[in-house]
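Got some structures for you, see below.
Two complexes, one shared chain (chain A), two partners (chain B, chain C).
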Partner chain A sequence: MANTSGNAYGLTALCPIINGHTNDSNPLYKAAGESHDKEVRRILQALPLNQESPFANTDNTYLARLFILNDVFFQQGNDFKRDQLKSKYLCFNSNFHGELEPYLTSLWNNNENQVREIWQHCVAFESVSNANDFVRYIKSCQLTTTLFFNGSNDQPVAEQLKALYVKQMFSEFVLTQQGKSAAELKQAFKYFLQRVQLNDVKSPSWKPGQTEVAL
Partner chain B sequence: MSNIAGKAYAMNVITPIPWWKAIWQHAAFKFVVRFPSNLKGLINLSLIHYARWTIIGRNSFPHLAPSQPKEDLHYSYMMFESNFNGSWDQYIDSFSFAIPEGLDLFWRFNIGYPKSIPLHGFYNYIRFNQIETDHFYNAYPCASSNDVKSATHLYDNLKDFTETSLELSDEDFEQAYNALLLDNQQYLGCMEAGPSLSLKEY
Partner chain C sequence: MSYIDGISMKESKSLDLYDIQGNVCKGYGRYGFPKARYCFLSFQHTHSAREFLALLIEKITTAETWPVSESSDHHRIKPNSTLNLGFTYSGLKKLGLPERSLKGFPVDFTMGMKARSEILGDTGISAPEHWDDIWQQDNVHAWVAINARDQDAIEFEFNALGDLVTQHPDGVRIMSGIKGPNNTILPYQDASAVFENGLPTAKEHFGFTDGIGNPYFEGCGNSMSRLPGRGKLMRDGSWQPLATGEFVLGHVDEAQEYPPAPEPKLLSRNGTYMVYRKLHENVDTFNGYIDNLAKDFDGSRDLLMAKMSGRWPDNGAPLTLAATDEEKETLDAKMASIELRVSEGDKSALIERKELRRQWVDFTFNDDKSGSRCPVGAHIRRTNTRGSLETEHKAFHRPGALVDRRRLMRRGLPYGGIDEAKSDSAEQGIIFMSIGASIERQFEFVQQQWVNYSNDFKLGNDKDPLIGSHDGKLTDKHIIQGCPIKGAKPPFFCTQMPRFVETRGGDYFFIPSISALRMIAEGLIDPS
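Showing the complex of A and B:
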């Protein structure tokens, strides 16, 4: 039973959402009877995507998601009992490279406003005022993964992105160099190396969450 | 709702399991970890970035403050979360056809699990117990899991090639270059944004 697979970490946290309605001063919310879970869902669905997602500037996030567990499902049948959750839960699930504490610290330090906006609707979050508190809070909501399957690899995201950039560039290079003489090929390869800077992981490279592969 | 980010789909499934059978399910997963050959089917499928199974004991839901009511549940729950390439249909089909025994092992003790074959019951079971994702982030929306793995191999091999080939004569360089392409042909290929999926496939 482990949250890790090599250097990849699988985080699952269930953060209980406050029952009842928000104390927001906006009279529209009160009039509509806005509950905390609805407010969280609204915020999550309005979060910017891809390169603008808060996870794009959280170091080493491979894939991450947020969703709300409203309730558990009743498996219909006379032999089964019915369960109902007394709280709704914000489920935070992330796959990332490295250790949990620096990862959560990066999430807080680079996205404090968004983190506060989302988690303010969760039970006991009022005690969180800095990165260390946030790490402690998420740990208190964390579940231990029973089986973690890593079908990718566990390299740092920057290296994965550089490798993808190089794969794209080199594949294009191979296509365009067909039929060239040996001398032209070698010359072109040297130019290719200058352009892609193989040993510089940071640049040029793909950006986290990048949705286009323009060369 | 956003189950899709580029070429990746986020699936969340939560299913009940009697608390005493959860112990057996734990043992089944321990067996899989100890003998990873049981994951060979999953590895061969090669469309999963990361997947995980988490058993939540009926008394293990986080309780953070006296103001939060304590859960009072009959069952433990198993949460399955996967990040895979392709559509929902493709994933479930692949799972069911490629590793039916593995699926039966992973969900064996869960209430209402119909077994992975015939497919229709398994479809309905997953759909019924699935929760939609509200925000999903993918570091490389244009790449599949196979792209990430192949890119890493190609990147390493290209660095090695560069260290040894630049001092060669033009003719020897060409020969070495052709050998590089031959050895790495399975890692080559340009990437693009993924095809759009219909709403049905979300």
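Showing the complex of A and C:
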């Protein structure tokens, strides 16, 4: 089925950016005015990374990407009709675990200010004032695709992070226990199991967006 | 054209070996030249530098074929010493190459090795700020290499070069700033095979036998008997010469294309690129690490070393041939008995010896996918993956499709270990040189992806156990895969690996053809 692969969901939404200039943008640019797409680009380029990213703050994101589609480009010959976009588009791709509605609701609920800041430059976003409106808005911009992130399975992010955590900790365990006697190994492994808490998915584990850790 | 049952077939492609510099086609060490001196020139005034160059060209050794045999007839045509020459990008600029020709050189070469240090893992103690003084300046313009049978011949040729330089005081000078033994600063880098009992060996200072298995390319002038194990691996297990264009510009490469090269074609054709690296070997650190680890390792110290390099240190036999101490004993006994029969004049023993030695080079990892014989992360399995990256049967058009474009023609010799005792602080290591048509695609890729990273081997962030840029962290490790069958040996982990090898300098050089050298010297390079 399109958009889903097992428990993974592949969202692609194209949100038209308002043509023309803003009136109330950054005071530095007020005199000359600033196009909406430039405003969005500035906001996107300043978005915090890794653990501070709004997507680290949205449950179950595997990989998300926001970019601006300026126009369509053709590389073929000159002698046929060329299409042009009527506006620029804010493209929102996200691969995540689970259903679309709760995912978008979580994005809104956990990052409302950032979502508003980004999408305020999109056509008809003024009609969005709550999570339900946002879900409806994104769905109206959604394309049916089969674009999926290849670097993930379809399990919940917390489970994948815990699995990686355990794998890494187990590597460390192996490297530090080489050559130990069976009794010592048994003791150390008991301690290891206590430490990693296999049955607790949340803790200890890596956090979404975490890129470095002191082992 | 093929290699069938040890019978040499004639090669179809012939190259103008008189136009190609000798170091491209020959590893001089193998031809009885165990001594070398490398020096670096700085050009001043273009006109005078070109005059100097015009005279130096006459001394350059080409790739013309010499017989390997030392019999008296052949002796005459083999020189006492060789001389080869290469330029950095700034050197070519200084020699007045037209802007349009200069712009045709690839970015890796124009940037030079120092600027590529992050890619190469030349960080920390290997970072350019720790290199020999000569590399702290930006005016190394040319590399001159003298290889010789003995030190006297080296001195003779070096003096002759010095005379030529003296005659062109406005054009060229030999640069100083190379760290030598006993805290000396020298205007040259001496290199020498490690001698044992008065005879040159193929050893380096950690005790490994080095320099086995250089690639074989079409038209190189070497005997076809050297092809198996050195060419490209075919689906039926046979070997074919690699395309000339992998190592020499102006010829078709493995992608059936001409490698990108500057205009005019005469400037690049029969030329190539060379990476020069002074690699310091921390022998105390290495020996200490191995001694310490050997206490816990189930096997001899030599086996542990072999599990890091992929070859036995004493004679370079690959682990594919003997993967345990017992197998090595059997192999040694077999070799000893053949040698005895050879010494007694048994002709069939000669053939047996040749056949056995062939297996030093002619092997694959097909029967050792798990690495229980030669560890997946061992040095030789990283730097020449043979067919091992074709993890799914017939995934590629040839088993070695991924490595055929990433082969390194290694040149160079060890340095140091003669005038002072070996230690971490003494000057000893390897002058590593690698020749190829693309520094980025070949040397830099191997260095970045296979030496200092392991995604292609499914070994995470592990690095080459010998030359990887380790820092002694717990996870700076090398895994010696266990054996699930035959006695069920567990894997062994070498952890907290320190940096055994440090970069102490080097750069990227263009090795022009003789025709191109003449045109450069005469100021005739014209890309229009």
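Definition applied: the second predicted complex is superposed on the first by the 201 of 215 C-alpha atoms of A that agree within 3 Å, B and C clash if a C-alpha of one lies under 4 Å from a C-alpha of the other, contacts with A are read in each partner's own complex, and residues count from 1 in each chain.
Note that in this section a residue touches a chain if its C-beta (ideal position, glycine included) is under 8 Å from a C-beta of that chain, and two chains touch if they have at least 3 such contacts.
Small disclaimer: the values here were computed from a predicted structure and weren't measured.
For the composite obtained by overlaying on chain A, chain B and chain C can both be accommodated side by side without a clash. In the superposition on chain A, contact of A:178 is made with chain C only, not with chain B.
Using the contact criterion defined above for the overlaid structures, shared-chain residue A:188 touches neither chain B nor chain C, since it reaches no partner. After overlaying the two complexes on the shared chain, residue contacts for A:47 are found with chain B alone; chain C is out of touch.
Rounded to the nearest 10, the superposed model shows the Cα centres of chain B and chain C diverging by 40 degrees about the centre of chain A.
Within the superposed three-chain arrangement, the count of touched residues of chain A is higher for B, of the candidates chain B and chain C. Once the two complexes are laid over each other on the shared chain, residue contacts for A:66 go to chain B alone; chain C is not touched. Between chain B and chain C, the minimal CA-CA distance in the chain A superposition rounds to 6 Å.
When the two complexes are superposed on chain A, the residues of chain A that touch both chain B and chain C are 171-172, 174-175. Residues 296, 474-475, 477, 492-493, 495 of chain C touch chain A in their complex.
By the touch criterion stated above, chain A contacts chain B in their complex at residues 1-2, 8, 10, 12-16, 19, 41, 44-45, 47, 49-50, 53, 55-56, 61-70, 72-73, 75, 77, 80-83, 85-87, 89, 91, 93, 95, 123-124, 140-141, 143-153, 155, 157, 159-164, 166-168, 170-172, 174-175, 181-183, 185-186, 189-190, 193, 198-199, 206, 208-213. Those residues of chain B lying in contact with chain A across their complex are 1-2, 5-6, 8, 10, 12, 14-16, 25-26, 29-30, 32-33, 39, 42-43, 45-56, 60-65, 67-75, 77-79, 81, 83, 106, 111-112, 128-129, 131-143, 145, 147-152, 154-155, 158-159, 162, 166, 170-171, 173-174, 177, 181, 187-193.
Interface residues of chain A facing chain C in the complex, by the touch rule stated above, are 171-172, 174-176, 178-179, 215.
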